[in-house]
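Read through the structures below before going on.
Consider the two complexes below, in which subunit A is the common component and subunit B and subunit C are the respective partners.
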Partner chain A sequence: MRHLFEIYRAQLKVTTATQLQYRVALVIWMIGIVLEPVIYLVVWATVARSKGGDVGGYNARSFAAYFLVLMLVNHLTQTWVFFEFEMRIRQGTLSPLLLKPVHPVHADVAQNVTFKLLMLVVLVPVMVVLALVFRPVIHPQWWGLALFAPTVLLAGVLRFLVEWTLGLAGFWSTRVSALNQIYYVALLFFSGQVAPLSLFPHFFQVIASVLPFRWTVSYPVELLLGRLSGRDALLGLAAQAGWILLSLVLLRVIWRAGLRKYSAVGA
Partner chain B sequence: MLLKLLWSYFRIGVMNELAYRANFLVQMFQSLFSLGTSLAGLAVVFSQTSNLAGWRPAELVAVLGVYTLMGGVINLVIQPSMQRLMEDVRLGTLDFSLTKPVDSQVLESVQQVQIWRLADVAMGIVLLVLALGNLGTQVGPGEALVFGLMLLCGAAIVYSFWLMLATCSFWFVKVDNILVIFQTMYEAGRWPVTIYPGWLRFTLTFLVPVAFAITVPAEAVSGRLGWGTLVGAVALAAALVAFSRWFWLTGVRHYSGASA
Partner chain C sequence: MSFAFGPESIRVRDLRKVYRVHEREAGLLASVRSLVRRRWREIPAVDGITFSVAPGEVVGFLGPNGAGKTTTLKMLSGLLYPSSGELEVLGFVPWRREREFLRQIALVMGQRNQLAWDIPAIDSFELNRVIYRISRADFRRMLDELAELLELWPLLHKPIRNLSLGERMKCEIAAALLHQPKVLFLDEPTIGLDVTAQRRIRSFVAEYNRRYGATVLLTSHYMADVEALCRRVIVIHHGRLLYDGDLAGLVRSFSPHKLIEVEMEQGSPDLAGYGEVVSADEGRVTLRVPKHATAEVTARLLDEVPVTDLTVEDPPIEEVIEHVFSQEAR
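What follows is the complex of A and B.
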């Protein structure tokens, strides 16, 4: 355990040093994180105003709250391992990672966490400005406030495990970009990034509750906004826990099978 | 002359791409998929309302059509050529264009053609035709002409914008980051810029010319274009083309090769 802690600390230092070399890239990332939620915020606030102030229980200011919190949660839970894995396997850069005495997943976790913390330094001031512009309001319950941080953490763990596992598809095909794209579109709609899920037809909401996407982004957002009943909040926690367990098992099984398949392209 | 050059590069582009036919299928799939995604997004919005700040569904499909069409044109020749230009300045291979007996700006501007992006152009046109069919009879030859003119102005403005940025690489070697910012901001053009709050509308009109590239042509085709905007777009296009030309010539004079 102590051993692992040392590894994480070293990795944090490396990632911080690397990222600070690419300061302009941080600004580009920031625009990428901020722009899409702001677009949908404006679109939905416009719809709300044209309908006399209210769409499905949201007005312009609660839409602002929804999409600003979504921006934060999406940032805190996002990973890019799915993009990286294809390249790692195709170009054989996975091989040196395999030679290290720890599971490669730890380096990815450490890198992911460091990047998010660094980005927060840029993102939080931007969010404050956006909050002053769009003036969001939320009506949370006390338990919603208390559960927000833990559910974001679980959402991050879940999303990381799911995307890492899907990235392993690269072991069987060196062209996973199509799968990747399908995944991101599913994520876009089922995790409530286009609109709050309550605005979708009922059958869509049912599908969204069965799939993991909702539990990786929109569930903590709805919790903080005070839009979930106590029962729904508990069900959400159970769904997160269940999906995390399932993904952990899948990750281990697929990782082992994939390694047997791996022959290091170019080696 | 220009057409003949463009045609040669186009042929080279075709030959290059035909070596990777499977790639073409992947790209087609991606283009269709992202178009489907945008349409689904529109469907979600219009399941709740029948118009968005005065824009009806068919008109927003027209916006999406212009977005796809213009994006196709940008990715077909403008962006790849400009990226190559910046590379040429960095590596010094711009020498080869400057010594050729053709205008170097023309040569540099059409030097890379990614032909499979023609699929985006085609899809944009299909979307526009569908949207116009749905809008009914408002579009006569006059509107069509104005629409064509606005598209041309939009393309000219985007081209000049890219050329000016690329020309900056004569002084600052790494400017490709700014271009990534443009690509990201272009996404915002899927919706008419008139719905955005003032500061964002200003950014999308004057800092990143998404408004003139997409919203203005779409306004022309949905019959909401005022004379002021029309004249403004033509004037801006002319001014930017002239200015970017002057800027380019200044940049070239400043250029001293990378290794010589």
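What follows is the complex of A and C.
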């Protein structure tokens, strides 16, 4: 365990050094993560105003709150392992990773965490400016405030596990990018990135709650905004925990099967 | 051949690796058809090879492209699992990739980078130090030694992407050796490098082998690598083992020819009647003759031509190898 901690620390340093080499790329990426929610925010605020100030319980300022918190949660939970895996398997860069006496997932976790922390330094000031412009309001319960950080953490873990596992599809197919596209479109809608899930039809909400999507992004946002009952909040925690356990099992099983395949057909 | 004794480093028995590849003809219609019914073909990349390597031995793996060299190295290092046969490295079954096994081996591929592209080598080395659980003292000592031997000092703090191919390769090799692997697999370590860099890496590998008694298995297209490093060579072709023994023996058993160099007082008479004339200068003629006819031709030359000097030689190794590979595997 201590050894693993040391690996993480060393990997953290390497990733930081690497990321700082690409300041321009970081800025472009930043624009991406900020721009999308801001566009939805402007659209929905306009709709709310034209409908007399309210759409499904959201007015312009609560939409602002929704999309600003979403921006933060989306950043904190997102990964790019999906793209990486395809390249790794196709270009054979996975092989050297397999020959190291440590599971490759750890390097990914460390890189992911480092990147998020680094970017937070830029994202937070941007969010402050946006808050001054759009003047969001939230009405959280005390337990909503207390549960926000832990649920974001769980959401991050869950999303990482789900996307890492899906990335393993690269062991069987050289066209993972197609799967990737489908996944991202699904994520966009089902995780509440286009609009709060409560604005969608009921059956749509059921799908979002049965699949892991809602628990990876939307749920902590709803919690902080004070839109969940105590019972729903607890159910959410249970859903996160359940999906994390299931994903862990799936990751292990699929990873093993993938490696068998990889080492059968040529690495 | 080796002074070391005890259990072998590497034991391979009847090793096979068969790839199952999806066969498809060219053209749109064929691709559509292949969606419905896939045709598979089995290609044996390694087709039943047996050998063992003693600790501390340096063995050259020779064979043309596609002979099965890299596939064998990948099976030995644990990246591929064999279709059949037995395989043991340092007493481990490689494909299980146990940590204890991985900590004692290294695989360097000349055509693949392992070091992070954007950061200086020293940072990647530090990461390896932690991953392989190398103590700071050992790390310092090993780094000093590697940097000295490979002349790394000026390179360590530059981002890898700013290094030349040769410099990068030196860093790759250093990174792979920081944990002092007992078995080292080198797949084309000098590919694409200039002569100076090749020589540097060659002498380094020899030195590493001498200092640490590491077992080295090396593939290369450059005969110079093999000649400089390996007393023993294993030749494979079409996945089968053609030869296992020392270099001189390889020439003896595979070259059907000898070269006879004849020196004469003056002139260069036409000696085509004695054998194939390879070169003819003033006073010196080189002939290629079938091995079995060497004695007879030599006697005739001494008898019939005013010879001042005569030497019989084996053809250069490159030529022999080329000859071997141009034949179909038996």
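In this section, the second predicted complex is superposed on the first by the 262 of 267 C-alpha atoms of A that agree within 3 Å, B and C clash if a C-alpha of one lies under 4 Å from a C-alpha of the other, contacts with A are read in each partner's own complex, and residues count from 1 in each chain.
Following the convention adopted for this analysis, a contact is a pair of C-beta atoms (placed from the backbone, for glycine too) under 8 Å apart; a residue touches a chain by one contact, two chains touch by 3 or more.
Computed from a predicted structure; not experimentally measured.
With subunit A as the common reference, the superposed partners subunit B and subunit C fit together side by side.
By the touch criterion defined above, A:S263 reaches subunit C but does not reach subunit B.
Applying the stated contact rule after C-alpha superposition, one finds that A:A131 touches neither subunit B nor subunit C. By the touch criterion defined above, A:A241 lies against neither subunit B nor subunit C after alignment on the C-alpha atoms of chain A. By the touch criterion defined above, A:I31 lies against subunit B but remains apart from subunit C after alignment on the C-alpha atoms of chain A.
Looking at the shared chain after the overlay, A:V253 reaches neither subunit B nor subunit C.
Contacts of A:K51 after superposition: subunit B is touched, whereas subunit C is not reached. When the shared chain is aligned, subunit C comes close enough to touch A:A17, but subunit B does not.
Minimum C-alpha separation, subunit B to subunit C, in the superposed model: 8 Å. For subunit B in complex with subunit A, the residues that touch the partner chain are 26, 29-30, 33-34, 37, 40-41, 44-45, 47-49, 51-53, 177, 180-181, 184-185, 187-188, 190-191, 195-197, 199-200. The touching residues of subunit A, counted against subunit C in their complex, run 3, 6-7, 9-11, 13-14, 17-18, 21-22, 92-93, 95-96, 98-102, 260, 263-267. Those residues of subunit A that touch subunit B in the shared complex are 24-25, 27-28, 31-32, 35-36, 38-39, 42-44, 46-47, 50-51, 55-56, 133, 175, 177-178, 181-182, 185, 188-189, 194-195, 199-201.
The touching residues of subunit C, when paired with subunit A in their complex, are 19-20, 71, 74, 77-81, 95, 97, 99-100, 102-103, 105-107, 109, 112, 114, 116, 118-119, 123-124, 126-127, 129-133, 159.
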